[in-house]
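Order of writing sets the chain letters: A, B and C. Residues in each chain are counted from 1.
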Amino acid sequence: MNEIKEWVSENIFLGLEVKEYLRRLITPFNIVAAGILIIGIPLIIIRYMQGLGAVIHGSNDQPFSLFLGWGLFCGVPLAATGYIMASAVYLFGMKDYKPLLRPAVLTGFVGYFFAVIFLLVDLGRPWRLPYPMVRSFGTASILFLIAWHVALYLTVQFVEFSPAVFEWINTRKLRKWAEGIAVGATIFGVILSTLHQSALGALYLLAPTKLHPLWYSPNIPIYFFISSIYAGLSMIIIESTLVYKFLPGRVDPQNFKVIDRLTLGLGKAASFVMITYFFLKIIGVAHGADWHLLFTRPYGYQFLIEVFGFVLLPCFMYVFGVRTGDAKLIRMAAFASVAGVILNRLTISMFALNWELPHREFIAPKEFLVILTIITIEILIYRWVVNRLPVHREHPKFTGEED
Amino acid sequence: MQSLFDLLTYTKGIEYIIAVSFLLVFVWFWKFAKGGEMVTVAVEREERVRVPGMLENLIGGFLLPREYFYHQGHTWVKPVEGDVVAIGLDDFSQKLLGRIEGIKVPSVGTLLKQGEKGLSVIANSIPVDLLAPVDGEVIAVNPALQETPGKINRDPYGEGWLVKVRAPRFRANRSGLFSGELAKMWLDEVRGRLMTRLSPALGTVALDAGPAVSGIAERVAGEKWNDLVKEFLMVE
Amino acid sequence: MNRDRRKFLKLLGFGTVALGMEPGSIFASIDDIKINRPDSYGVLCDVTRCVGCRSCEEACNTVNRLPAPDKPFDDYAVFEEKRRPTSKAFTVVNQYQTSKGTLFRKIQCNHCLEPACATACLVHAYQKMPEGSVIWDEKLCIGCRYCMHACPFYAPAFEYESPVPRIRKCTLCYDRIHTGQLPGCVEACPVEALIFGKRSDLIRIARGRISKSPERYLDHIYGELEAGGTSWMYLSSVPFHEIGLNTSVGTYPMVEYTRGFLSSVPLVLVIWPALLSSFYAFTKRNSEIKKHNNGEHKEEVKNPVHAKGVE
């Protein structure tokens, strides 16, 4: 009993007395977060009591609004961190990136978990979420593929992250088992990721008459997959930047020495992916013979801004950063790249979809608040985990036990 | 009769052209990205400081010029003119810390107190505090250190001076400083203390005479180097 | 070595299960949507005859027991804006100013021969019935609204205002035609602008009308080939986009657009594990060679008998 008390005190309350811990919770960030939650959580409850229309801005013509546009279409590529880092470390032998492996897997796991949370709020009948898994299979549907793969991938990510959990609750045997299947889980994870990242794009294959030709292409799945790669790489950079700045006490001191070098490496990889992606987009325009559309208002200009300002520009920021060893430039490029991916996904899911329909509204304050609420919860949970589990640092009882 | 433009833009031709140009651009891109690496390495080599192997130091001793006064926190004082003195890091501490990457010194006009924290240097990306050896007012900061902090390693008693201070109470402060024979005895004792920290495994590493970037503290204590430094520089 | 073999077998197991799940079943469900069902029914809507009386809307409302509308059915001010089917109205009539004057067109689900909604639904909640109706099953729907996204004609409507929302759309009066009756709208139309019958017969009738009065009709039956063919077809005197029909839908059934991607799935499931395992094996071998060259001992070279004893 005493052992459990000790563990709870050390690992839940960070070694502080409960009163002290509660007092320390009052920080500006937490106050703002609490404010958001106080407004947002009742809105979510209203959504369940009064139906989707009370909070979500979907219509009969445009069923997917900002809510799913952010939660699913942006959330999933931004959570692509796990499979990329796991491949780099386990499959390509880049052991130098080990300090970033667990954070990347955690980012991925939390990201996908919250994509499911977004779904649970957005689905008309969320209690039927397991239906495509157990009740009835619509196998011709790409959404079916996505449902299965996200469920499987969530499991895989948890398995990949479980060594950290097992270290935290001090179970050596389970941890050893989890580490043992890490490579198999990684390979499985890459397969699943390839398929569902591209499947999210394939969802738009069924809407050739609705998506603006500059974004529609039979190769949308490939675009989504490739942009998820550099989105994941950029998110790893952003996550480490934020954690090293705001939670430095939770990071192993020697990581501070290597993080700049690792950031440069990630930036280099991202730049190669992005220059490839840029050319693929150009080929897409050529394939559809859509050159004349490039100079239309507003879609043509938006496409140009997206491709030149948010793909090519960050790509060159990365390359210059690598060339001059400037980690700060790389970090700025990471933010720009992620902004570009968000812009691309929101454009495809909302703005360029049904572009020929009149009277479309995108501004929905209640929906925006609910999105903000869920993001806040996501950040709080992430912070809770990094503060307590050995994510950015080694667990003192398990140091040096990596293979 | 189709124009060339029509031919290119509306047939497969343009796609192949784009694909081929991508391959060419990619090759250039790769070189461009790699080019940076070579440049950085060259710069690093220039700035690398020739620090002799560790055993050499411990056996041969550390530099301790005669005309200087030393504080037990391993900072030195040298009278310059009137009541103005220069302050810097001694040879022991620059070898302990390894490559100095920058300095954080107070601005002109700040008051220093002997034995209290007042200046710091940056090693391994972390600021390391130093104790001020005298009471006084900072009247100048070494401008050359902004560009080349490595001077502290290369010439700790000359071009690597940190600040100049007006010290009206220098005569009184002198009782808290070592010089001459006393300084030598003090440094012998310090060296002895350090030798007891040596672990046997370091023997092979210390014998290499090549240029080293990390300091003695890091070689002895690894990630706990900062604790070792604080102990020897007498900082809290 | 044992570890690798175990992993490989695991992968093989997963791969087989996944393969078993995917391609075979796809073709099963596409077979459900049989293209050339000559006996399936349809409706021919002759836009040149429609007078915009909205009797069809009223009949639909009655037959399906829908709630009373905001504006009554004889209120023709509704024509000032373009409407679409909603959760409370399975069909609407819109007024269009065309090159040949004012025309009216009835909008409802077109009951495609290979419905995009059925392709899109991940729980198989849509079924193309032999009679021609495309029916939505309330017992399975999870409310994802992907069917609404997929339908090129914007037919399905969703009950956003309900905590237990349903998809609402025209059912081609499945219960009525199943028992030999006419769909409500067809029966109510006073000018016989709507004809119900076997799809193949309707096409013949339509062709007949076109050839008899070529000045009255455009030489095209909308819905004969659009989106792979629909059960609800239109005849018009003006180009179809003038009466609000999408002429860029193309003749592929929507499911064809996803076939390419779906067939690449088993390829990935087979090629990726092989490729990635090779990377892993190559990397591992590489690092083992490096370790060996550095004179360090491989941990794994243990006498199995000893290892057992230690445990």
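What we mean here is this: a contact is a pair of C-beta atoms (placed from the backbone, for glycine too) under 8 Å apart; a residue touches a chain by one contact, two chains touch by 3 or more.
Treat the numbers as computed from the prediction; the structure is a model and nothing was measured.
Peer 1: Once you draw an edge for every pair of touching chains, what topology comes out, line, ring, star, complete or other?
Peer 2: line
Peer 1: So using the touch definition from the top, which pair is joined by more C-beta contacts, A-B or A-C?
Peer 2: A-C
Peer 1: In whole angstrom, how far does the Cα centroid of chain B sit from the Cα centroid of chain C?
Peer 2: The mean C-alpha positions of chain B and chain C differ by 68 Å.
Peer 1: Give, as an integer number of Å, the spacing between the C-alpha centres of chain B and chain A.
Peer 2: The answer is 40 Å.
Peer 1: Could you tell me the distance, in whole angstrom, between the mean C-alpha positions of chain A and chain C?
Peer 2: That gives a centre separation of 29 Å.
Peer 1: Touching chain C in the complex: which residues of chain A?
Peer 2: 48-54, 56, 58-61, 63-64, 87, 90-93, 123-126, 128-129, 131-132, 135-145, 147-148, 180-181, 183-184, 186-188, 190-191, 194-195, 198-199, 202-203, 205-210, 218, 221
Peer 1: Using the touch definition from the top, list the residues of chain C that touch chain A in their complex.
Peer 2: 3, 7, 10-11, 14, 21-22, 25-26, 28-30, 84-87, 116, 118-125, 140-146, 148-150, 152, 154, 156-165, 246, 248-250, 254-255, 257-258, 260-262, 265, 268-269, 272-273, 276-277, 279-280, 283-284, 286-287
Peer 1: Quick one: in the complex, what on chain A touches chain B?
Peer 2: So the residues of chain A in touch with chain B come to 253-254, 256-257, 268, 271-272, 275-276, 279, 282-283, 286-287, 289, 291, 319, 322-325.
Peer 1: Enumerate the contact residues on chain B facing chain A in the complex.
Peer 2: 9-10, 14-15, 18-19, 21-22, 25-26, 29-30, 32-33, 35-37, 39-40, 124-125, 223
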